[in-house]
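Chain IDs A, B, C, D and E follow the sequence of writing; residue 1 opens each chain.
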Amino acid sequence: MVSPSYYLTLSAILFGLGVIGFLFKRNVITLFMSIELMLNAVNLAFVTFSRQWSELSGQVYVFFVIIVAAAEAAVGLAIIILLARNRQTLNVERINLLKL
Amino acid sequence: MLLLEHLWILLALPLAGAAANGLFGRHWSKRTVDAVAVGASGLAFAAALELWREFAQLPAAELPWVRSYFPWIVAGEFRADFALQVDQLTLVMVLVVTGVSWLIHIYSIGYMAGDTGYARFFAYLNLFLFFMLLLVMAANYPLLFVGWEGVGLSSYLLIGFWFLRKSAADAGKKAFIVNRIGDFGFLLGIFLLYWTFSATDFRSVLAAVRLLPVETEAGVLTAIGLLLLTGAIGKSAQLPLYVWLPDAMEGPTPVSALIHAATMVTAGVYVVARSAVIFVHAPLAQDAVAVIGCLTAVYAATIGLVQTDIKRVLAYSTISQLGYMFLACGVGAFAAGIFHLMTHAFFKALLFLAAGSVIHALGGEQDIRRMGGLRRKIPWTYGTMLVATLAIAGAPLFSGFFSKDAILFAAYVSGHRLWWGLGTLGAVLTAFYMFRLIFLVFHGRPRFDEQAVHVHESPRVMTVPLMVLAVLSVVGGWLAAPKLWGGADLLERFLTPVLEAPAWLAGFAAEELHALELLLSGAAVLAAALGFFAAWWLYLRQPGKPAMLAARYAAPYQLLLNKYYVDELYAAAVVRPLLWLSERVLWQRVDVAVIDGAANGTAHTARRLGEQLRRMQSGNARSYAAWVIFGAAIVTAALVWWVQ
Amino acid sequence: MTLELGLFVVLAAVAIAGAISLILARHPIRSALSLIVVMVALAGLYLLQGADFIAAVQVIVYAGAIMVLFVFVIMLLNAGEEERTSWSRMAHYAGIPLAIYLTVQFAWWVADGASALGLPTAPAESESTRRLAHLLFREFVLPFELTAILILVAILGTVVLGRRES
Amino acid sequence: MPENLLLTIIVFLPAAGALGLLLLRAEDHLWIRRAALTVALANFALSLLLLAGFDRTWPGYQFEEMRPWIASPPIHYHLGVDGISLFLVLLTTFLVPVAVLASWRGITERVRMFHILLLVLETGMVGVFVALDLFLFFVFWEVMLVPMYFLIGIWGHERRIYAAIKFVLFTMAGSVLMLVAILWLYAATGSFDLPRIQALLANGALVLPPVTELLLFSAFFLAFAIKVPLFPLHTWLPDAHVEAPTAGSVLLAGVLLKMGTYGLLRFCLPLFPEASRLLAPGIAALAIAGILYGALVAMVQPDLKKLIAYSSVSHLGFVVLGIFAFNAIGIEGAVYQMLNHGISTGGLFLVAGMLYDRRHTHQIDAFGGLATPMPMLAAFYLLLCLSSLGLPMLNGFVGEFLILLGVFRVEKWWAALAACGIILSAVYLLWSYQRVFFGAVTAEPNRHLPDVDRRERILLATLAILVLGMGIGSPMFITRMEAATTRMLREMERPSVHNVGPVAPERPDPTQLLRELERLRKDLQPVE
Amino acid sequence: MPPAATDYYRLLPEIIAAVFGTTVMLLEPFLRREHKAALSWLGMLGAAAALAAAVLVRSDAGPAFFHLIQADAFTFFLRLLIYATALLVMLAARAYLDRENLPHGEFYALVLLGSVGMGVMAAAAELVTAFIGLEISSLSTYILASYRRDALRANESALKYFLLGSFATAFFLYGVALVYGATGTTRLEQVAEGVASVLLLKLGLALVFIGLAFKVASAPFHVWTPDVYEGAPTPVTALLSTAPKAAAFAVLLRIAGTVLPATLLWFWVLWVSAALTMFVGNLAALVQSNVKRMLAYSSIAHAGYILVALAAGTEAAYAAALYYLAAYALMKLGAFTLVAHLAGRGERRLTLEDYAGLARREPVVAATLSLYLLSLLGLPLTAGFLGKFYVFVAGLRAELLGLVVLAAVNTLLGAYYYLRVILYMYFREPGATYEPAAREPVPAGTGLVLAATAAGTLLLGVFPGHLMRIAELAAASFR
């Protein structure tokens, strides 16, 4: 049986990669994907802990997270589309009308 | 006993006059103004006479006679009442003040006739009389200080009476400020008195001082004495605070006569005499009085030698004579000081009024180099002024002869030969510059344009006071005349209950003293004669000589002419540095640069920090994320590692 | 090395590779596909841990629905390769190092903390999906219903944002 | 003392009046002025009732009102006056109508707002002097900033904005720390009630560690010192004074500065006697520095108002010095000097304002020879100058004299140094007077300036009467302060471990004892 | 055992809001264009009904839905705050939507549904429930921020808000997972009971804090705030700066109050964060010339003051924090509503210059805005002062002298820029940008909001007792 710490370490690494991605990417869509990656890492942690504690509630949480992710995706992509239409760019670096 | 019970009436009369003329005088005719002002001062004089009468009937046990009218300052345990007192000293002062003042009021009717500020002038004059009476009648030091400052105020107002002239306004301001410097000391003296005796009224303080031993070295009484002396120096224009008095001649001449010769400037002498007990118990302070008086007497006389403004000569003469009074007090002859104060009031007032009459006659000319030969044109003026000159020079049987003689005698007998010597030298100088004045003004040839100036004798209203004063200048000294044949000085005897009798008298036998008296009188007369002849020689016999001498001894002459450059010295050493310090350092550096700079700097720093923070807000979402990560790193590290 | 461990290693490697590829890929489509790979790998890991239902949902909803949406949007917007614009200095000099640090540090801490937990005490449950359903509709009925509102909001959002200007 | 509402009415009548002004049309300038004047005068009349009902023998607070306001934390609406605050209240209510009259001609824009602010300001000012609850005090203290900010900012002169901001920020810089100190005291005592906290401190129920006391004292002191203003925290003052409209300057100099010195007396000394004593030499040094510095800088000001402002720095230095003499003479002198300064400096600003109304400048250079066209104004101004420079028989002398006398008993050199200020005050006042009024008229526009009109004459004559009256009749005022001052000084003698000195046994006064019991009973009543 | 009626009863306000929100949404397509504005009445009715329900439910405090939520006094306080805010925002938005020609129905629906999420956050006694509440509120506010669809700034604001918000939420969620892992539960009451791994719990709580700190905009997680607040439609900014913030604070408070380890763990972080937040907010606000952005920075600063109370960590401090939240909501709502009105069509007039001489043109408006600003500054007799007062007292009682002094100093910084706005309105003459024609009367709804908030600001400033009593009861519910 694989130690939960392996899974958790993996989840931490994926979460971290999501964070790195958020910083590294410029395209707002990929930025958003990085967030999805982070959520996935969280899900992995939930599932692992769920097994750890023999508690199914962890899996319920994952279910919720997925729903949330879906809702977020819908809204987020809608915002992105709107923005792309209005500004003709997806580069987050160019979206800096508001500053200082 | 109306006036003894209601001493305030004496004060109320001139105050009412001042208030009436000050508030409504502008709308009144000249006659009404005259009536009010002269009436007020005349009534005051009458009241003073009545007071004298009533006073004479008082049993000695009731002296000093004090009446308290209302509490004036009460705080904590401190209490100063509005209390007036009468004793012999006060009475002499009151009589001199009201009498001379009344005469000068009358004189002013003529002298000021053409002035636009007629009512204002008389209001000020009455106000002065009020404060002067308050000064001499006050029963405690704080109230005396009221009069003290009050006469200073009146002096300020009257010097600057012709305020359109900058020099007049300047002079008034200067007088007030220099006096304030003295008052600073006076005030501290009062504080020290209160600190020492927990009282400020004369009766308690002086009684307490009598119980103390004579201080052989500097102690609290010495300190009090010196502080009071500081005040007196300011008010009586002694070294080094005399500088305001010559400038004060910017005021109308009656003012110079009343305030800057006869009365106000003698307030310093009055205070020293009033505090005689203190000075007697503090020999160091008393010596200081004498030294200052002596030096001033000679110093001012030397300057008087070469001055060319008729009023300035008289001003320096006043300073010099005040020095004599100080000298008298300093050697313990307070009564002599007061005596000289009185005679001086007569002849110096007369001199000024006569000088005013001359100026009047010449249409405002004050420079003696442009006078001359007036003797026949204004005989009354000439006659009275001559009388006064003889009095001040110490011609035998004139009042000044007796009073000055008493002072020099005291100086000599008390063992201060040097001071006597200096005093006698001063007498020579006095005689010299006074006769120089007389000769230059009234004798010789007119040095003014006789066509342009219509010389005329002054009206009766001006000459009558001159005559009265001339009489007084002659007879004023006869109170002491008995001394010449071994009798007692009547005034001195009258004043003795108040003033300490000089201790050194005890060491001499009466005959011995009398002999000495005659000897010293002779010396004084010789001194006066010397001065007279020198003046006669230089200004009548050899009129070209003075200019020659001035050319030969240019440096000393210039030094004297420029009054030893003291005004310039003060300006360079005190006034300008202070202005520079205030403007350049305190205001522009400390205030603007340092303090405001610090305040604005703080604001500026805050704004700069704000700008920095603002730059954080680059508008770039990725950098925002970086901030979040930055915070996350810190928070997690803090929680995991640092917090237990 | 058990089968489980072997599978874990393989899946974990795939997931990490996918994640890195997501970051490094310059075209959004590639990134999206990488993410799908990660998700599928994760689904495998869920299976490994006995979370069958979640694994299924992961594939169907996440990989299937959400990612399709992403791809669709990428196509719709005709997003090309990422521009290489200048870095924000903050993100460059502080952000990236810090993010890498955080990754390592998190992994370290989590591994450290998880080792304290030890191994699961009970074996994986049978019929977990049924129990899951019970949980979902009893104990967690509130969040469940709340997600309904969430979705309502999302719908509303797309309507608001996507509606043509009238 | 029966419960009555007099103080409440005096505090809030102006505010109510301000609301009333809202009912008038904004264009009705004359009626607005009249209404404001009526309210202000009515309030002055009411405050005279205080004087009438004041019991000069009773050392505690009078006309007390105490009502619960906020339950948690326990904050009371607690008002009261004693001999110290009584006259400050009177001064305030007196100066407000003066300010209204002073603005009669000078203020022509936004007249309604101006008077509303003026009246609101009055509420704040009176409130500060009568509040006995620390919280309430702070409320009034801060609230009064706002109208002043507007008064300076809207109706001020060229640099009004800078001055207004500076005024508020300086004041707030002190008051925020004071707030912290007040709250700290609350945290320590559970009460905001000044008498109660004082009682706790006095009977030893609460002992502040020396460092704490020092910190608390400093926090309070800073707030008050800025307000006074004590050198070197004074730089807001010249700016605020110069830029403020006449009414603002009058109230600023007349009342607002007194809040600082009043605060020192009401809070710093009784609450933190040890710290006060410890820091007294330093504070006295600052006060003396302020006296001399203010005078010297005043001397070289080219702007009349600025000159008067710096003279305030100098004068208030005297007041602070007197307070820190810790004896009845000095403190009574200080309180009296507060009143005097309010009147004479208020008056000076008034005249400066009248000159401004005519010439629209404060530059001394622009004047000269004004005594010729306007002799009455010159006379009044001279009187005020003389009062300000402490001429005996005028009010200023009594205060300065007592202060110096009180200080002299403590430390001779302080008094000696401070007395130099008396010389300097003569210098700058007379010099400026000469430059403004004496000499020939040089500038053409000055030649035909109108002399004082009826309104101005009434104003100035009132002030002149006060100046004279207070110079002669000072016991009428000071005897009423006596009891409160003595009480305060007694409160400073705390039975502490640090100084167990011989304290003269008090002669017990049966009626006083009863009163003490009465107040103790009141204090012990449970809150809510 | 399915949830009983009491469970639903205790959630009644949220249910009502959700029902009304849905109804508004469903009705919208069926109404004619000119009638759609009427939906605002329905929306407001919903908020009012939710408020009424909150009062109703108050008497029946207790847990519901298997301890996922707690309908206690604390929840009650926040429900009042949230639904009242929602009500006022809808009232104020009506005129704004008309002016900007924006659709009505969805706005009200989103506000109502969003407030359901916030209500859930306030009530949540379990982290995942709180998360879902947070998501509901976040999603609706993302959408609202972008409500002016064709305005570039609004788009950008929404995008930044969305990206960074989701990013931070992920942190929060990861924290929840770790807490779950460390303790086997996400129910707050049980978290402290069985801690299996302290390290994981610490990390988890740290991440939870980060997520929430982002939402309350405490430094250095505040960076998104100015941009988002500036870009969003102003009524939305009013909402953003108040209700979601309050809800996030509610979660923070509930965790800090219920989970003992959190209280201890967070202390220093809260301390530093409070100090930093105040300074960052105030200092940056000093140099703003855009009023809306300045108010955004001021929001940051105010979060700092509330964090002072959180750091104090006593019951009185929590009460103070709640009071502050209410006071803050009042003045911020008022201020932003006014800014929205003054900005004019297209939100063009937002700079200080545009405010120059406002007092001349619209004295009442200027006076009202001054009131809000003075309250934000913390001048006595306003709600803002008492908020600060309570916070300071609590801080001093918890012996946080240093932090309180810093807060006091910050008040001074705040004075500068708040007074500067007043200065422009009163002391300056109208500038070049002023167009006399652009003057618009205050719409009735806006006026009502202004009247209510102004009255509230004054009332809470003079008689804070009543609200404080409720706040104290609320804070006592963690006992």
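Everything that follows uses one rule, which is that a residue touches a chain if its C-beta (ideal position, glycine included) is under 8 Å from a C-beta of that chain, and two chains touch if they have at least 3 such contacts.
Everything quoted here is computed from the prediction, not taken from an experiment.
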Legend entry - Top chain pair, ranked by how many C-beta pairs fall in contact: A-C
Legend entry - Chain occupying the middle, per Cα centroid: D
Legend entry - From subunit C, the most remote chain by mean C-alpha position: B
Inset, instruction - Find the geometric centre of each of subunit B and subunit C from their Cα atoms only, then give the gap between the two centres in Å, rounded to an integer. - result: 103
Legend entry - Averaged-CA centre spacing for the pair subunit D and subunit B, given as whole angstrom: 38
Legend entry - Separation of subunit A from subunit D, taking each centre as the mean of its C-alpha atoms, in whole Å: 65
Legend entry - Chain centre separation in whole Å, for subunit E relative to subunit B (CA means): 78
Inset, instruction - Could you check subunit C for residues that touch two or more other chains and list them? - result: 88, 91, 95, 99, 102, 106, 109-110, 113-114, 117, 139-140, 143, 147, 150, 153-154, 157, 161
Legend entry - Per-residue overlap in subunit E, given as positions that touch at least 2 other chains: 128, 132, 135, 139, 142-143, 146, 149-150, 159-160, 163, 167, 178, 181, 199, 203, 226-227, 416
Legend entry - Numbers and ranges of subunit D residues touching at least 2 other chains: 169
Inset, instruction - Give every touching pair of chains, nothing left out. - result: A-B, A-C, A-E, B-C, B-D, B-E, C-E, D-E
Legend entry - Interface residues, subunit B side, partner subunit C - complex: 616, 618, 620, 622-623, 625-627, 629-630, 632-633, 636-637, 640
Legend entry - For the subunit A and subunit C complex, residues of the former touching the latter: 1-27, 29-30, 32-34, 36-37, 40, 43-45, 47-48, 50-54, 56-57, 59-60, 62-64, 66-75, 77-82, 84, 90-91, 93-94
Inset, instruction - In the complex, go through subunit C and note every residue touching subunit B. - result: 87-91, 94-95, 98-99, 101-102, 105-106, 109
Inset, instruction - Could you please specify the touching residues of subunit C with respect to subunit A in the complex? - result: 2, 4-5, 8, 12, 15-16, 19-20, 22-23, 25, 28, 31-32, 35, 38-39, 42, 45-46, 48-51, 53-54, 57-58, 61-62, 65-66, 69-70, 73-74, 76-77, 79, 82-86, 88, 91, 95-96, 99-100, 102-104, 106-107, 109-111, 113-115, 117, 119-122, 124-125, 128, 131-132, 135-136, 139-140, 143-144, 147, 150-151, 153-155, 157-158, 161-162
Legend entry - Touch list for subunit C against partner subunit E, complex: 106, 109-110, 112-114, 116-117, 138-143, 146-147, 149-150, 152-154, 156-157, 159-161, 163, 165-166
